[in-house]
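Read through the structures below before going on.
Paired with chain B in one complex and with chain C in the other, chain A is shared by the two complexes that follow.
Up next is the complex of A and B:
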């Protein structure tokens, strides 16, 4: 188990800074002193402030807007409405599909969801803009809205054939199975709720647009702005040095982004627009509400014979989001017969979006609850049930796993948790008036791969710069790329500075799907290797090089010094060597694309997701895996649930920095505790409005809700998943937490809750 | 709504003492301490997470007590001593024990709630509310962290409280 190796590394300062070492965040000092300037905290001369006005109906037409009072309010520079905002061009989607409409209107006349932007006020100060926005009067012609999936008008939705996965004859095998369970599992609309709101500053200089905006995908968003305004891609610069949390929500340029950029163009002044916290619940999509039914047929010894799965997720009236609900269902357990199908249902909401492990998260809630139900149907220990049906290969792709340390995760987690001491019967463990429940569930996330590039510069003082337009939203990109460059080049990590978050740096694809670390460590490793090759090549061949007369075949660089591997001849710091040969810098741009890649393909690779590499490409199926063990305490009188203990064993392959990976895992577990017990977007049925769109009423876990959490790494390097052997970290740990808690609540109370969140009224 | 509502252009002349320095401001009475810090004085270490007093990201100290800058008008704190995250480290840049412990324990990820967490943590220890992990969790419950750094925040405060006692 690599947990022991980590402890060893922590006590070995020489290894702290290498890949795999527990180096503290290199961006940490800036963040703990307040020096880190986030995107829309830049100071600009002549900055103006914009505030949005949102629709108060969920469906219908804007019939009139009276902006006179707002226009004459102090400090107001402009009131933008659907009639007065400049026309934008349609932009292609994130797959690169061309726009469905030739023009794009970020302020609308036709309202399809509550809170949709209908007007914006720009003023000299924030306070003036807020006050004037309250003076904008909007009249509507309201029509009936479909408020959510349970609305009678919602219907069965649209079949998404691409989601269908079938083998064997699942329905017949289920009908014939001696043991059968079938149940429905629901998850509500949930929100990413990053602490930093969405927002931006837009500034035009002639036909050049600079956008300071928190972004998980600078190149993709720059493409969208370029297309909206009919600019060459190079004319748009996106800057996003730190991101105050994204969780999937900050990868796309959105309607409010277009409003700010258009306002700046129209006024020829820089414009700052930051969504209010309530607007953050309606201006972009959270996780779609989902409904699933899972039917499992099994032998009496617990061996699964068939799984029949049907899923539905909500999407928008004017946009499509598919939350892949069969993603975990189809791979977690071995079964000879399987069927999964999915529909989407249009409701009056902003188009849902990506939230941490879209698809895998609700999918795991269904299958990992259902397997627990099957275990109790048969009187088999839930952990044993999972081992009986362990998938030795990918049951869907019919390929070998690249690595799957899930059995090891079950073993390590059970040992650390003390699972062997559990009594299986519900309501059989208690502490006074508290019912105690122990639950287990597994999780998984695919290894999403892509090509990346990076620039590595060796400077004349021996220091190193790494440049990439990828980003750090807290995962630790600055730190692991510094470790990668330091290790590859043989320089101390404190001599490496990493520059991220500027689209003028080397290009990068989306930071999402837990792919950044694998892609970017590979790209930096390659670029740094090229820089090292050039350095050594110069040392061996440059006429001014002190090493030239050595007639050596190679040299090595260690701790920032160049020397012969056998220790003979000169021993020079990189700085002294650069001075000796009269070089200012050595620069290498490395990428992982095939050499035959055309410029058009490169552009597509970084500005769309169309060239992502399937996780089942070639001979292997690549995924991260985890096993969660959870203890809950349920108050017998009040039905309140507290998570009192979590032990999770996780296989993310090789960890580039275990200290930071553990933080991400725990963060996923904590977001999963929120999902299980607290989080639910509540829609007012009269007006289709989210009524709890703020941090007091949409409840996030607080410090007082969270117990000690133990994470154990059981990963081994996976050479099929990434250049340096890692698999995904950021999304894995949230997958399976909600069912582990639901299973623990069943064990505590005997009550199976299949509808998240598990609130007290569902238990009493 | 009254269409004829007029918004007074009146501004106030204020002297605010922030991190030991007195700064003059000409602002409208409705400007919050948070917006005065971020938009006028460019002290952007204090974060705006909700602007509704619900998340704690804007926590600063006023006369040593933790206060939400988004629910405080700048005009309310004239003549009082305001400390923000930028004023917590020593003149020579030496980190406060809480800052150092946050770094060591990896008590943050994205860093956006972190200044508020740290200001709250310093006050939590000073108030005598860092006696146990349970007490720390309760008295830090007003500072939300969506990255989920809570267990490491508790560890950092436990460590810093011990260091500050000794």
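Up next is the complex of A and C:
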């Protein structure tokens, strides 16, 4: 639970406060002064510390564990192994499917990936636990591992029929097309690399479990804990006031979470467990490595006749992850013939997971590189190529776009970037020994919709509290919900405090898929509207109300004061009014679900993703769109690529707070620069182990790698996408950056790099 | 718990005495020792904190010689006006090393003792075999992920890259390391692995680095350090070159040239073959490029690091060309 002092943030001007205003992040001062207490920074009495022991093989069996030395080490309270950890029940998955096994073992005997947890040590201090964990001896019976997609043992994998998208006769049309290109595009295993590691504190009080853990989904994770321990959902409280970066990785309760909660139960002491940085690369999945082939057949005038797309992503031996590789391929361009199919291949890795724009991101790398290759094959400007094949409706769903400001994005981005000055030939622009390249690519992300709930309280002093179990991982939930409540109620934003990150608050679903802002502004708007209705209702009808004798039909609230719209009669602050009628608060709980929704459906709505609303429901296909224009400088001797300019024009519909939206877009662009040039989990092929699992060796961009980034909003309110007209923001901007850079590198050097990251050895 | 004793030395002599104890390690800025202790590589029985010894952080630069105290911070040396003017390659190497936070902590003496970033060396839990850590246990890197490994000075025992920047510049300009009783060339202070990968430095129990001395020269005054890497900051070199150049009065004939390589060898790597090929010759791009290739004589790659053989001579050539252009 967190209450923010809004005075810092709201000092600029009144305009900032409204929905659509550039209010600074209200949680900013707490974060930069260190006052913000993150989930596992809680100081609890009797806190113990757990440290995990990871498998040093990628496949095989644990044949024996000798814990004697660890057990007798100073301060050690328990050594947990597959034999000694308490039994947990299986939990249903995030779609709500029942567990495949009746029990769940977070410490394993059967090892399917290097680093998998095989034991844990709990001690009085962190240092004691670290030292004792190194004393745990584990013997293995090792079997051959499939290390990655290119492993000879990996095979073609499992077809995922649900991913198949086809219309027309794509193969035949491709064969007959006068101009054809076909190429393979690969992306490596990448990691979310949040600055705050994964970890938690678990505390039991009788049969009540409290978990302090950074979380993108309190209700979903609380359900998992409840199921593991056979508890009623209400007995689990998850607390996650701030999240130091999630990027998709913090939505699920994971094996290490189960170990900590089980250890706390067994010892009847609170347990803190935080993954080491290397463990953050092996304890949960990053973005799966992918392979795609894209074949495009076109007329000589550049009009696409057919796209044939095949994709493969890696998944785990004992878990399924599908990275939807045809998601952008199937909607970006108009084509009469289309075919996309996808397989997944099991390799010895932790099950891959969501990383910013899962699916759309690698999908765009394929199609947006391929369209550039086609443009060069035809000698057509790559931007013109995209306009020639502009999709006027969703080519797959065959529905109208709700809004698609992509043409406007191309125009605005090209204008700001100066695209017209580009010479199309590769290697035609240089500055001394630096080759200069300009590239363009588009991106898109679907509008994922769901339902949410919020409580809005008007207190006797005229202040407002908003409560929700949704979270703020830096994207600005605290801020935009304050703006929404302030605007709806007609109170100054500094009178609003927003409380998030406690599963005992009003329910919310997952913060993922760029859906939270649209869902929660809708829920807060509704709850605040109900509170306002009640306030005005009381003002008009309560016998103690000074407005009663006005006999008006309605009243309005502005700047925290109640008055008649015409200005006649009394003019009272909300606080004075509440005193006059003797109320200490007005509370409204609002949700966006239909009134007929049953309690079971509500539970399912918030604790699974089974009730998400398809983005093509009804008459429209709903997506955010963007166009990236990138300049790179490539050293002709060294092959080093540096991004020197980015202009991106983006359509996220109406922006609830442009300052925060721009910040998210820029974050996505920066992450995309890292993906294009730096990020790659390097696997030792003999051991199936990531060898660069730390922040010195897993390359992320530094400030010095990031140029000035110009973002331009071209969105218009989209009433089909959300209550207030916004579309998704958080994931959009990373989509298309990597191909824009790869296309710019081709323009600079004449070399087409189809394997990310674009490191210097690929260019020298 | 891994217990160790902590001693604070208040004089060089006290440090020397303590450093002679078995299992003793010196602590200065701590950026290497604490890092290696955390990953289980360094397990000192005694830590001798020398960071409080007075007078060891002096930076004294004259025209003929710079003397840099072992406890001088990397950031201070990098920003020292006379170091910048008399030894630009030294300043540039330091500026491009590590990160601002690390440079503010790390010392010059400690920097010379910096150990390799070989991921196999740094992960004893998962890769027990490492001849540097456990002589005779083998090399886990050979046959593994070798993109960042050395191509020069390698042996069957070890292919770990020397990661530093400063020492590359020091080796180019014949700098010496002062060990109190002994002074030796920095070039000789670093040892290639051969069959004894565990011996990285010619330093004996009880010896403490007190200073680094760099002879002044015209080549040092006209010098540069070029570092090529995947990202622009906070990364080790894919290949780097420290080059100093002195031209004849005609402004184009090479009188003296110094060349050393970083990022591609098991120790800071002086390349005299390139120097000899260019001395007395007029500066010419084609010839510079051809001569730079001589640096890779004897280079051995292990697959993923093959590109470094092509890259390193280009870095040397660029550095020479850059110095030539400023004529």
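Here is the rule we use: the second predicted complex is superposed on the first by the 752 of 764 C-alpha atoms of A that agree within 3 Å, B and C clash if a C-alpha of one lies under 4 Å from a C-alpha of the other, contacts with A are read in each partner's own complex, and residues count from 1 in each chain.
Basically, contacts are C-beta pairs under 8 Å (C-beta built on N, C-alpha and C of every residue); 3 or more make two chains touch, one makes a residue touch a chain.
A quick note: this is a predicted structure, and the numbers were derived from the prediction, not measured.
K.L.:
Pick one for A:682: touches chain B only (first), chain C only (second), both, or neither.
P.N.:
second
K.L.:
Using the superposition on chain A described above, determine whether A:207 touches chain B (first), chain C (second), both, or neither.
P.N.:
The answer is neither, since A:207 touches no partner chain.
K.L.:
Once the structures are superposed on A, label A:268 by its partner contacts, choosing first (chain B), second (chain C), both or neither.
P.N.:
neither
K.L.:
Applying the touch criterion given at the start, work out whether A:176 contacts chain B, chain C, both or neither, answering first, second, both or neither.
P.N.:
neither
K.L.:
In the overlaid three-chain picture, which partner chain does A:760 touch, first (chain B) or second (chain C), both, or neither?
P.N.:
second
K.L.:
On the A-aligned overlay, A:584 touches which partner chain: chain B = first, chain C = second, or both, or neither?
P.N.:
Touch partners of A:584: none, neither chain B nor chain C.
K.L.:
Look at A:24 in the shared chain and tell me whether it touches chain B only, chain C only, both, or neither; answer first, second, both or neither.
P.N.:
Once the two structures are laid over each other on A, A:24 reaches chain B alone.
K.L.:
Quick check for you: in the superposed arrangement, does A:299 touch first (chain B), second (chain C), both or neither?
P.N.:
After superposition on chain A, A:299 lies in contact with neither partner.
K.L.:
Who wins on chain A residues touched, chain B or chain C?
P.N.:
Higher number of touched chain A residues: B.
K.L.:
Touching A:87, do we find chain B (first), chain C (second), both, or neither?
P.N.:
After superposition on chain A, A:87 lies in contact with neither partner.
K.L.:
Once the two structures are superposed, pull the chain A residues common to the chain B and chain C interfaces.
P.N.:
73-74, 127-128, 131, 134, 696, 701-705
K.L.:
How about chain B: which of its residues touch chain A in the complex?
P.N.:
Touching chain A: residues 1, 3, 5, 7, 9, 28, 30-31, 35, 38-39, 42-52, 54-55, 57, 84-86, 88-89, 95, 99, 102-104, 106, 108-115, 118, 133, 136-138, 140-154 of chain B.
K.L.:
If we count contacts the way the header does, which residues on chain A are in touch with chain B in the complex?
P.N.:
Spelled out, the residues of chain A in touch with chain B are 24-25, 27-38, 41, 43, 68-69, 73-74, 125-128, 131, 134-135, 137, 192-197, 242-245, 247, 274, 276-277, 473-476, 659-660, 662-664, 666-671, 694-696, 700-706, 708-709.
K.L.:
For a test of understanding, state which residues of chain A touch chain C in their complex under the given definition.
P.N.:
Going through chain A, the ones touching chain C are 56, 73-75, 114, 127-128, 131, 134, 278, 433, 635, 637-640, 642, 677-678, 682-687, 689, 691-692, 696-697, 699, 701-705, 759-761, 764.
K.L.:
Of all residues in chain C, which touch chain A in the complex?
P.N.:
Touching chain A: residues 1-2, 40, 117, 119-120, 123, 125-127, 143-145, 147-148, 228-235, 238, 306-307, 310-311, 314-315, 317-318 of chain C.
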